[in-house]
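Same chain, two partners: chain A is paired with chain B first, then with chain C.
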Partner chain A sequence: MSPISFEDLANKTPRYGDALRALDGWIRAHASVDVINPAALAKELKSFNPLDLAGALGEAEHAGLLERRYKVLTPSGVLDDNEFEDPTKIPETLPDRFNRYFATADADVIPVFRRAALR
Partner chain B sequence: MTGQSDSDSALLRQMHELNARIDRDPTNKLKIIQQYYQERVAAKDQAGADATLLIRSMLGASEESSDASSRDEVDTQVKSTQPGRRLGYVLAGVTVAALIAIGAGWRLYSQRCPALPVPEPHFVTSDLRSSAPKKNKRVIIFVHGVLGDIDNTWKSPTARGSWPEMVADDPDFVSFDVYVYGYLTPCRGNASNITQIAERFGRQLRDEDFFRDYDEIYFIAHSMGGLITERMLSTFNGQDDMRPYLQHVRATIFLAVPNAGAEIASIAAWVSHNPQFRDMRPSDAQSFLQAIQSDWATVLRQRGPARPFPLTFVAYETQPIAGVAVVPALYTSDLSDETPIAFDYDHSRIVKPQSRKDEVYRWTKARILEASARSASGR
Partner chain C sequence: MADPKHLEEALRLVEDLCTADQVRDLLRVHKTKDVRITAEKKEDLVRRNLREAITSNAVSISEVFDLIRDAEENGNQHIFYYRPETKKLAAALSLENVARQLWGTRKESMVAGFPNLTLIPDSFSYSDLRVPGSKKPNDWLLKIYGQKAIVRATGKVEHRPGGYIWREFVEEPLRIVLSARWNAPDLLEIRIQRDESRRRIEEWQQMVWRMLSPALTRAQFSEWPVTPCMRRIVLEAHRHENVYDFRDAGVIDETNEVIGEFQAISDQGNLFQSTLARNAVNKFVNDGGKLKALAVRWKTSESSNVPSRELRTLLGVKETHEVLIASHCSALDIEYVTDQLRGFSK
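Entry: the complex of A and B
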């Protein structure tokens, strides 16, 4: 159970208040989404400064509403299924969905967020 | 307020520094990110490292305007902390301007003829959703056309998602997996020809056990992707151990696919300018297309009550691109289970629906659901 709601957090941190409310609304509108990709979020919530959205995600993480994980972008441009606590844990090769291994040396690292309550 | 903008600027400066390190050695991107992360953690600033990587991923995806304004702010700060180096900045400015000019020229060239990576076929879920493929017993496979791209062929610049993504999000297709197949189709350089791609495509579907894992397979193919699909399925028809696979293929939807007909000579002339037909004279290209069509017609003709599939549906464009109708009304009714249907789009736009309300999307959806219902009823 989360110790605080998005609305409470928005009231507590007014600088990110609007972004937190938008983030909350987005999560409610995407009930089937289990991984929040910040890049896609920034695309959808274009009216918000990405710095504010990033700050809102960070505040939600610190409040225990979200959990941060790291994923790797596969050569085909989709996020690999594997998740890591931090980038240093990412190995030199990873299997894709067909169990074919690809080198991660030139792959990008993407932070993603999960709702804490769902885990 | 100043404190907030200062912290934002510091964050952006860190991001630019990290990006500069990556730009110097992009083949070691992961190692550089890991080193950067370890450095920040050692400096008791893991939160800063997390924030830098977060904003980096977001600014890469958002509009450039906010990035540019933030970058200006950062640049201004850097300049104010390092006075007395104007000549250096002037020289740097001239160098940057020259690089930008060269870059702009290259970009123009690249936009006309981009260097494409070899595409990796993949299941489509959503950028935001991770779920295992092959959950369902039905799959829709998208096959792009000549000079196409595994993802962008299907996406209108003004739409929120590509056609495969729309299908993946369509509640009516919740029991279907979605897969996009791709192949290299450059406007310069070497690439596999249609036969080679068709063989590779069929081999991959068999290696990945598509015909074991899926009861119903549907193809949505555009332009040359239709020829590749026809070629692949005709190959199956020619081999006893693979012929049963055809009954898993419940329907093929061909959109703006070059076909046999009175104007085939003009189509052959068109494809002969394509690298995929580089080594083929126009007369040979015409014969090749006729052979594909003849084999495909055999597949359709051999259907019967015991083997009713694949159903096939055809649509074509009516609007020209640059004054040329790439695939006008060339279709003959014996190669489509319904009268071929015309859409008032051009060759590219016909596979770029704006939304699920788009008429091509709705028509295709109706054909697939109709074929699936027919499968369920055993007809």
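Entry: the complex of A and C
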């Protein structure tokens, strides 16, 4: 069975149709980007309501086009390199960008999305 | 056929260290020999399919050892670079000489027994000595296994009556893989597996030197700093856009009084996409400041396929001769990085 496309999904869910098409366009324009950070996406697709973008990401995840992952913000406020399928599996400490380990207990955990086809 | 004890240990390591794809790739090479590839779970893939392939001699145990070597020797490690003090020493660093000095008359039997997969609790032992690839016959790699009991917090915390807080710790064995890689003609790499404890990393590095000491000593080598390479990598970035980019840079001023850090917010960001950041880092470097650390992403080359996928490295992690390879990669990928650093050091 061939997987559903963003266009199919946009037609099936008109509530998020425009946001899904914009998301598809963004993904095509950023072929080298493996992971979609919703905050970065919202910054680039300014003409869309962030709630619609969040809804589109959720629909794409539900349809199997994207997979949800979790990343941790380092104490400097940037995304850590490690990625987790399950937030409960985040270890107590992680290395930051300069390999200094920090406690994850107080760190923010950010959901991100990975393109399913790229796994 | 493999010794049954050896086989069990090898299968256990394959299951722990290798991905299902790596095991499948090995089985696929021998698919004409009636080897079963598909399996519901990784455990079945290793414990049933790979075991059957080995016992039927479709896959040799040496191929399984190579799989383990690939998984545990490359990446997720700190590399400390050293240069021999004299050319005479460099010329004498053959595998043959090193083996003779390490084990004397027992040399033949030691090398014949490699790889030695057995871990000895609270101890370190020689695991392997070999030429790591066919393209550089003068290179060698000495591998050391260690096992140490460490105490780790499980993250479970309980608040009990009376204001007591109970935090759970477990004692567990830590498997340690260390190596010394002679990268002819002029570099010795001490490779230490990644760990959150800097003290352990330093102790393990001393352990490698101690175990090398019958053949060569720390005093015969000087550190090979990667800081001059970092400077060139930054200043020449615009000329090598297809080769690398970088995301994070640490700088220190000319008086060693002020440090600064630049980090792209996105984990996939490129620092020099910001003109302001590029100008600032270049000014630091050009006006007497120094780079303290540089996170370089080496891009894949379509022509050579090396590195096989993009590779993240942190140059100058804590020491000027230290590089961190952030994730698992192939032996050729690490060689590529070292060759790039050699090139940028000229």
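Quick note on the criterion: the second predicted complex is superposed on the first by the 114 of 119 C-alpha atoms of A that agree within 3 Å, B and C clash if a C-alpha of one lies under 4 Å from a C-alpha of the other, contacts with A are read in each partner's own complex, and residues count from 1 in each chain.
The working rule: contacts are C-beta pairs under 8 Å (C-beta built on N, C-alpha and C of every residue); 3 or more make two chains touch, one makes a residue touch a chain.
Note that the structure is predicted; figures quoted are calculated from it, not measured.
In the superposition on chain A, A:101 makes contact with chain C only, while chain B stays out of contact range. When the shared chain is aligned, chain B comes close enough to touch A:87, but chain C does not. In the superposition on chain A, A:15 contacts chain B only, with no contact to chain C. When the two structures are aligned on the shared chain, A:42 is found in touch with chain B, with no touch to chain C.
In the overlay built on the shared chain, the residue A:79 is in contact with chain B and with chain C.
When the two structures are aligned on the shared chain, A:34 is found in touch with chain B and with chain C. Once the two complexes are overlaid on the shared chain, A:116 sits clear of chain B and of chain C alike. Of the two partner chains placed by the overlay, only chain B lies in contact with A:50; chain C stays clear of it.
Touching more residues of chain A than its counterpart among chain B and chain C is B. The contact surfaces that chain B and chain C form on chain A in the two complexes overlap at residues 32-35, 37, 40, 76-79, 81, 97-98. Those residues of chain A lying in contact with chain B across their complex are 15, 30, 32-43, 46, 49-51, 53-54, 57-58, 68, 70, 72, 74-79, 81, 86-88, 90, 96-98, 104-111.
Within the complex formed with chain A, the residues of chain C that make contact are 153, 155, 196, 247-248, 250, 261, 263-268, 293, 295, 312, 314, 317-318, 324, 326. Touching chain A in their complex are the following residues of chain B: 4, 8, 11-12, 26-31, 33-34, 37-38, 46-47, 50-51, 53-55, 57-63, 66-67, 70, 117, 119-123, 126-130, 132-133, 150-151, 208.
If you check the complex, the residues on chain A that touch chain C are 32-35, 37, 40, 71, 76-81, 92-93, 95, 97-99, 101.
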